[in-house]
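Each of the next two complexes has chain A plus one more chain, namely chain B in the first and chain C in the second.
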Partner chain A sequence: MPERVDRDGTPAYRFLGVEVTRREAAFLVLGVVFLFVIPDIASLSDSLQLSVIHQGLLFGFAAVGLNLLLRHTKLTSFGHAAFFGTGAYATAVLARYAGVQSVGLLLLGAIAAATVMAAIIGVLSLRHTGLYFALLTLAFGQLLYAIALGQSALGGSDGLPIRPGPANQPLLFGTAFSPDVYQVLTYYLTVVVILIGLFVMYRITQSPFRNALDAIGQERTRARFIGLPVRRYVWAAFVISGIYGGVAGGLYAVVRQYVRPEGTLFFLRSGDILFMTILGGFRTLVGPLIGGVVLIFLQDVGQDITQYYEFLTGVVLLILVYGFPRGIVGSLRSGGIVNTRLGELRREPSVLSAWGRSAAQSLERKVTEAMTSLRIILFGVD
Partner chain B sequence: MLEARNLQKSFGELVATDDITLEFGKEEGELVFIVGPNGAGKTTFINLLTGFLSPDEGSIVLDGDDITGMSANGRVNAGIARSFQVVKVFEEMTVRENLRTVVLTEQGKTWSLFSMADGHEEVESQVEELLEKFRLGDAADTVAEELPHGDRKLLDVAMSFGLDPDYLLLDEPTSGVSTREKEYVIETIVEVGRAEGVTTVTIEHDMDIVTEYADRVVALHQGTVHGVGPPTMLETDDELRRLLLGVGEDE
Partner chain C sequence: MAVTPTAALVQTLNGIQFGFILFMIASGLTVILGILDVLNLAHGELFSLGAYTAIGVFGFIIGIIGPPGGGVVGTAVFVLAVLAAVLVTAAILLPVGTLFEAVFLRQIYDRDQVYQLVLTFALLLILLDVKKFIWGDSSIRTDAVYSAINTIPTSELVGLNYPTYNVFVILVGSAVVVGLFWFFERTKTGRIIRATAIDREMATAIGVSTDRVFTLVFALGAFLAGFAGAMAVPPTSATLEMGTNPLVLSFVVIVIGGLGSLRGAFVGALLVGVIRSWMITLYPPGEIAAPFAIMALILLVKPEGLFGTWGETA
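For the complex of A and B:
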């Protein structure tokens, strides 16, 4: 049963090691309920497609994994699609060549393959940090992409279907369902996996292991000199984050029943996963997941509106970096920029004119600076 | 006993450590100060002992075992801790979290993925003890990067003591600290060091401090040992005085 505790004067509840205030609990319940009713909402509305939300959640889940590395060890992996793709392709290969039909077994295969892949890529790329680490992960990702593209056994650019057995589809609870039911059931499977994954990640980020990762991220040399074998810890974090990618990729393959190199292993997918993390807020647990849904949704809507939909993503990124560097969830949580501003506005509506004035002033300053720069470029310094 | 045997280290043409043989901790808990002009190789020597650098020649021996090839983190586990001349703490953590991280590591608990970081009672009590010993209690919930410089130095030293070392090598623990706080920092170090029987090797530029607290002084010059002796050596050895202070018999 939940146990009542006190967090800095605010009553909070603790259950299975998860500690939430009343406000957080409300958001949590709301979020879970929302996740569960999405199939119903989607069936009522045309603009909201279940498959889009579902895909967003899956990539977002991979981003939750990536965030363990980014937030705590401060390493930027630019190749996380490698694990997503490994999970997806492992599922496809098991279905096609081993005739595995059970969704559970397919997912276990995806986890195993992604773990091995992350273990190997981790050992090879974690010799370096910073830019070289990012480049190495990018390189390994592209290597896997090239292999998937070149191997006829993996279907080349056409990819592989996941349609095992006489039913031509993976089995849930040993049963073949009609496509509509299958779509909804796999969605609920995803929701359950995500909730478990978030719980596990939450516990990891409350554990002594997280202290070690934070220490390494904040002052690597000192971390060594308090006795931490730095590379071993970073490697473990890398493998855990790869497993999240593998699970997401395996589910993606089971859901879509088709994998292509373009959609799973291409380096732009790695970029997407990184972008989702920052978009949602990399200092938060659920931010990357929400970032995933928002980004995939934007890309989908953008494709309908304009053929330059990549432009849209660029604009969103610019707004984010300049206006909301803490991401969606980071800006919305208590103490975030949105709450602070709303609070000021409620207390004293006249701050609006002050904001207007300061915005106008900073704009004027920027224009003057730009004019000065232009004058110097054109006419030199007098 | 921690021994340096014929240690040698060069950076290109520059010989930073030239055949140094020294021993520390023959008397458990002794306070050794390393003095010498800039460029004498003091920091390089500590870097060699702690595994930050590996020597070109010579060996490092801990209680009879050769540890020359041991990793830096391995040496910490073997009982050799250090601090750096520039404060190196975990900047985004509070003072308490910094110390907790150290104690969790020292007690080998950092592989625990599903326990609560703040739920280990023996760790928490040791953290409280450290906060008290180093008089950091009031600053316990302050983020490290927002601490005043003197407290940052103290935190740095407290973290080293939190590792429960047998040997502690401190690289200028009082550098950049105001004169008033200097005494306070060094006194705390000496007090805790003596109470726990830690052999402390400290690089120090302030000769008043060395004279007041040292059991033994090691003077380095141009990568070699100029002399080892009691703190009175600073008064009696004219050549050493000239090296350190730029004063000689012609003044």
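For the complex of A and C:
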């Protein structure tokens, strides 16, 4: 049962090690309820598709794993699709060649494969930090993509179906369901897995392990001097983050019942996963998840509107980098830019025109600066 | 499979030819990485932008001078025209690189590195669709250059049947390599760039404008990528995805050669090119995996790469 504790003077509740204030608890419950009613909302509206939200949640879940590395150890992995794809392909191979039908077993296989893959890639790429690390993870991810593309046993560019057994579909609780019911049930499975995953991640971020990772992220040499086993810890964090990717990939395969290299292993997917993390706000726990849903939704809408949706994504990225570097959740939370601005607006509505002016001015200043530096670079200072 | 000496020679030459193309891409990437500390994910797109532009420039120039005339003079004029077209293409990419650096990257050097990655990724996506907008979805190609240059006899003189265009690429590539090393070893600008790579603060203190060096380096990288694109496109066709593979292989080259090392990039590029092309005859499925296998081996044995970091020597 929840237990009342006092946190800096405000009453808070502690349950299973999660400590929240009343306000946060309300948000939490609201969020969970919202996750569970999405299939009903989606069935009411045409523009909102359950499969899109579902896919967003899955990629977002992989981004939650990536965030462990990015947020605490300051390592930018640009190859997280490798683990997503490993999970997905492990599921497909188990279903196709071993005839495994149970969803639970398929997911366990995905976890095992992603763990092994993360362990190997981690050993090889964690010898370096910074951009070198990003480059290495990207290269290994592309290697897996190339292997999946080249091996006929893995289906080449056509991919593999996940339709084991006489039911032609993975079995939940040993039963085959009709496609519609299957979609909704796997969605609930995803929600449960995500909640467990977020809970585990929360506990990790409350543990001494996280502090050790923070220390390593800030100053490696110093962390080594105070006796932290830097390499082992970073490797452990890498494997954990890979497992999140593997689970997400396994679920993706189970839900889609089809995996292709393009959709799971390609390096643009790695970029997507990194982008989701930044978009949602990489200094927050749930940010990457929200970033995932928003990004996949935007891409889906973009694909309907124009064939140039990569361009749109790129522009959104640019706005993000220059305007909102803290991401959606980071900008919305108390003290974030949106809340501060809303507070000002409530106090003094006329501030709006001042903002418009200052925004225009700063844009103008940026452009002038860029043009000046361009001129100086080309023609020198005169 | 029995491999005849001729086949082995042809594959080796193919590998060297690809290695030179790869070097032109990887050298720009590695110098940018060594000096700006930015991993330019859009570099592959610059390469493919060069390829697309080159098709237009080739068409334009061949339209002016017409097909190669007979005799030694006509051929020489044609070859020179092709070279000029390649240089024009690369020159078109100079301002692109300058704009990238001065307008976009310059603003965020003091931020977390992840933002620079996201920025270059954004530019990659934007360039991808810009190409789609200008040149359309389907691949485009130009046959005129490849077939015309192949009519010049070179390898046939020593009794080997090998496309002259590939010989041409090897020759031009060698010239680029020599030129680059000369630039970084002998010219004042090259030395300034190397000085900036060794110690940025010291360089600033003795009056080097690092801002200008940064832009110059990025523009140089774009120039080389465009050059590579123009040289690589005649035998094949320009496609929207053509930038990805060279980009990733360049990463492999950089890891093998050592971060920021020009010499390392050269050795790495030739190594990757030749081994990749040997694999095509020996064990085709290994073609893609072989470069990565070398990379993994280097990482285990000599994590800093074959030639360490750049600066003291080019």
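Operating definition for what follows: the second predicted complex is superposed on the first by the 356 of 382 C-alpha atoms of A that agree within 3 Å, B and C clash if a C-alpha of one lies under 4 Å from a C-alpha of the other, contacts with A are read in each partner's own complex, and residues count from 1 in each chain.
As a convention for this text, a residue touches a chain if its C-beta (ideal position, glycine included) is under 8 Å from a C-beta of that chain, and two chains touch if they have at least 3 such contacts.
Owing to the predicted nature of the structure, the values given are computational and were not obtained by experimental measurement.
*Asks:* Answer with first, second, both or neither: which of chain B and chain C does A:134 touch in the superposed model?
*Replies:* The answer is second: A:134 touches chain C but not chain B.
*Asks:* Just to be sure I read the superposition right, which of the two partners does A:31 touch: chain B = first, chain C = second, or both, or neither?
*Replies:* After superposition on chain A, A:31 lies in contact with neither partner.
*Asks:* In the overlay, answer first, second, both or neither for which of chain B and chain C A:229 touches.
*Replies:* A:229 contacts chain B only, not chain C.
*Asks:* Output check: A:215 vs chain B and chain C. Expected answer is one of first, second, both, neither. What do you get?
*Replies:* first
*Asks:* Who does A:376 touch here: chain B (first), chain C (second), both, or neither?
*Replies:* second
*Asks:* More residues of chain A are touched by which partner: chain B or chain C?
*Replies:* C
*Asks:* Report for A:104: first if it touches chain B alone, second if chain C alone, otherwise both or neither.
*Replies:* neither
*Asks:* What residues on chain A does chain C touch that chain B touches too?
*Replies:* Shared contact residues on chain A: none.
*Asks:* Would you mind writing out the residues of chain B in touch with chain A in their complex?
*Replies:* Checking each residue of chain B against chain A gives 50, 52, 71-73, 76-77, 81-82, 84, 88-93, 97, 100-102, 104-106, 109-117, 120, 159, 163.
*Asks:* Spell out the residues on chain A that touch chain C in their complex, using ranges where they run on.
*Replies:* Per the touch definition, chain A meets chain C at residues 70, 74, 76, 78, 124-125, 127-128, 130-132, 134-136, 138-140, 142-143, 146-147, 149-151, 267, 271, 274-275, 278, 282, 307-311, 313-315, 317-318, 320-322, 325, 366, 369-370, 373-374, 376-378.
*Asks:* Can you check the complex and tell me which residues of chain A touch chain B?
*Replies:* Within the complex, chain A touches chain B at residues 17, 203-204, 206-212, 214-215, 218-219, 221-222, 224-230, 233.
*Asks:* In their complex, what parts of chain C are in touch with chain A?
*Replies:* 33, 37-39, 41, 98-99, 102-104, 106-108, 111-115, 117-119, 121-126, 128-130, 132-133, 211-212, 215-216, 244, 248, 251-252, 254-255, 259, 285, 288-289, 292, 295-296, 299-300, 303
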